[in-house]
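The structures come next, written out as structure tokens.
Two complexes are shown next, each including chain A; its partner changes from chain B in the first to chain C in the second.
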Partner chain A sequence: MKKLLSFLLALALLSGLSVIAFADGESTGGNQTVNAHITGDPSWVLVIPADQTIEFMAEETDIVHHDCSIDNPKHIPADCTINASLTHTGNFTLKTDESKTIPFTLNAFDADVAAGTPVIVSQYWSDTRVNHCYAEFNIVISRDSWKSAEQGGTYTTPVTYTSELVDHIVDPADGGTDRS
Partner chain B sequence: MKRILCALLLCSLLCALMPDAFADGVQQVSLSIPCTVTVDVGEYGKVYSNSTTWIGPSIGSFQVWPGTRVSFLITPDTGYVVNVLTLSGRDVRDGLRYGLYGTVIEHNETLVVRFGKPASPSPTPTPSPIPTLWPTSTPSPWTTPVPTTPPWQVTPPYGPKTGDENTVGTWATLLLVSAAALLVLSRKIHKPHTDQAQKRN
Partner chain C sequence: MKKRISLLLALALLLSLGSAALAEGTGDSHTYTDPVNDHTSLEQTITTTIPDNKLTWYLEIPSDITINQGGYNGRVSLGNVKITVDSGELSDKQKIEAALTYDGVLTDTDNTDIKINYLLSDKNAEPEYEETAMETGKAYVVGTKTKTAETYNAPDAWVIEDTWDAAESGDYAGTVVYSSKLVETDA
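For the complex of A and B:
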């Protein structure tokens, strides 16, 4: 009996410690896809927007364009949500000198989103089986910020998209409160 | 013992089955700021680039988008060579070919060009060069060829070869012989005076 229990325990520990989710992505000029694989039944594909270049002196640029979505959800339990969120750093950094930056703000749901704070851009609700893509997410670079760039060159910023399965319904329009 | 094992087993199973899966992806957003290229040209030459000619001594600048390849045609005045060629402080003289220097601009850069007289000829250049008026080199893609003249070569406007080029050695030898002769003569002249002075004493 002890041996059987030990075996089961080891098996359970192994499954618990195994990588229960991983992401792989690719960018071929169009949107990028990130596959979420879970040990178990639920799975989906996170589609994130393609890399983007902001026009010189553009003060507002939508970086999502409703291009973030949760595709092909499978075996999502009832009353669960898959949330896709983005976070930003608040600064563009010069490729050749990281000390040179250009600040920006991210505007979503008519409010500024602080750097490092996740904001939901897309959702899948398992009760209605609807995939929601939310409003514009604008990177705002003020004219003064453009002019303050003392060093010429190419500046980049990473926008990180994360998706997760939560066991309740969340409505981002209600400030992320439980919808159910 | 069995109870503890069962509890651990249950905990592990719960951990494994928890729906905390996630997936990450990164979108790179980029923008470009035009790069300023400053050209600082010293006297005795000129630099041509981006449809502009800077005649030394002068300082000017132009702007290009990052990633643009920029070429500079550097032409010293006759009898001068490029002594200093730096790009934002880095010595880039090795990149100079037939008066052309090219680079890809990724951020603000400053090109400094200084001209000077070529270095004095070395006494025993090895291998000994065959004196030619102009170097035999592949022609520059630019319409104005810029020769890279070694310091030992004779360049215009010194005129055609007459056979009198190697007069420095001759003159130096004559000067030495004259000096030695003068020294000997002066000793002979001064010696009797010193002998008379000794006799008086």
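For the complex of A and C:
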């Protein structure tokens, strides 16, 4: 059975070559179609900025400074955006006593971003295939807030990043509306 | 063959570790492969530390002044700075110093190419002589606050008579820069 199969395959191969042999020297031609069938779901890697320390009495600190990126995007449909966004809590919390806090505001795109409200920090636009990472996401702590904070302690706050694929081009500079 | 594959896999792993090391300065990462259902979030931690003795202060600087004609006789005091501690307390070994620097140049406000020189003189020096004027570009302490005392010393600003007479008519302006810092002492 195997031999028979091998024979048939060899015959098929020879017949294929013979077509080229017959065409040799004649003014014949034809179209060749090249096909590609690409499969795979959209995927990408979200890389967020490293943890950061804010100096005592610093009134404005950029926490992103271009370090949030959408890397290795694959199979992203046309005219889609991958948005990476951050949300914040609005308060630093004393590690040893969560009831002790230092309030802050987050300023981005020349406006204050309310706690819990996502703001876009990085984007990939499939039409231009460009990854944009924005900067100047400033944590603003007022002088009065620093002064009111409990002495001698370490405070932390989480900044949460997530990303999503949306089916149109979004530009945060236009208030998150369709860029086109 | 298996060994070769293992070797290649190990090499690939090393290469991927190498690229992770290159991403210094960045935080966590996550690969999204299911955009519809994957809602993974990553967390960046922002930390700040409040010192045990939370000392803060502010520095009040004097308002703008205008120098008069007349050489040293036309001198005008810059006015005193004021250091105020608004949280915490200075220890016996700490003091806050306020200092000024100046470049000694007044520039015509209508033509920045035209400049004249001016001087700052410490009231405690011999101010009549140009040689005793405060050196430009050098920081001079004009205020000190300790736990128990504070002293301030406002220099005088003046223009040498000959410079004044030779200058073109116009309005001239210059800048005195003030700063303050905490100084730890051995006392």
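Observations on the model:
The criterion applied here is as follows: the second predicted complex is superposed on the first by the 138 of 180 C-alpha atoms of A that agree within 3 Å, B and C clash if a C-alpha of one lies under 4 Å from a C-alpha of the other, contacts with A are read in each partner's own complex, and residues count from 1 in each chain.
Quick note on the criterion: a residue touches a chain if its C-beta (ideal position, glycine included) is under 8 Å from a C-beta of that chain, and two chains touch if they have at least 3 such contacts.
Everything numeric in this text was worked out from a predicted model, so none of it was measured.
Judged by the touch definition given at the top, the superposed model places A:Gln52 against both chain B and chain C.
Contacts of A:Asn35 after superposition on the shared chain: chain B is touched, whereas chain C is not.
Of the two partner chains, chain C is the only one that A:Lys147 touches; chain B does not reach it. By the touch criterion defined above, A:Thr96 lies against chain B but remains apart from chain C after alignment on the C-alpha atoms of chain A. Once chain A of one complex is fitted onto chain A of the other, the partner contacts of A:Asp167 are limited to chain B, with no touch recorded for chain C. Common to the chain B-facing and chain C-facing surfaces of chain A are residues 42, 44, 46, 48-56, 63, 92, 102, 139, 141, 146, 149, 151-165.
Chain A meets chain B in the complex at residues 1-2, 5-6, 8-9, 12-13, 15-16, 18, 20-23, 25, 32-36, 38-40, 42, 44, 46, 48-56, 63, 77, 80, 92, 94-97, 102, 139, 141, 146, 149, 151-167. Of all residues in chain C, only 23, 25-35, 39-54, 56, 86-88 touch chain A in the complex they form. Across the interface of their complex, chain A is touched by residues 1-2, 5-6, 8-9, 12-13, 15-17, 19-36, 63, 66-67, 106-108 of chain B.
Against chain C, in their complex, chain A makes its touches with residues 41-58, 63, 67, 69, 71-72, 86, 92, 102, 139, 141, 143, 146-147, 149-165.
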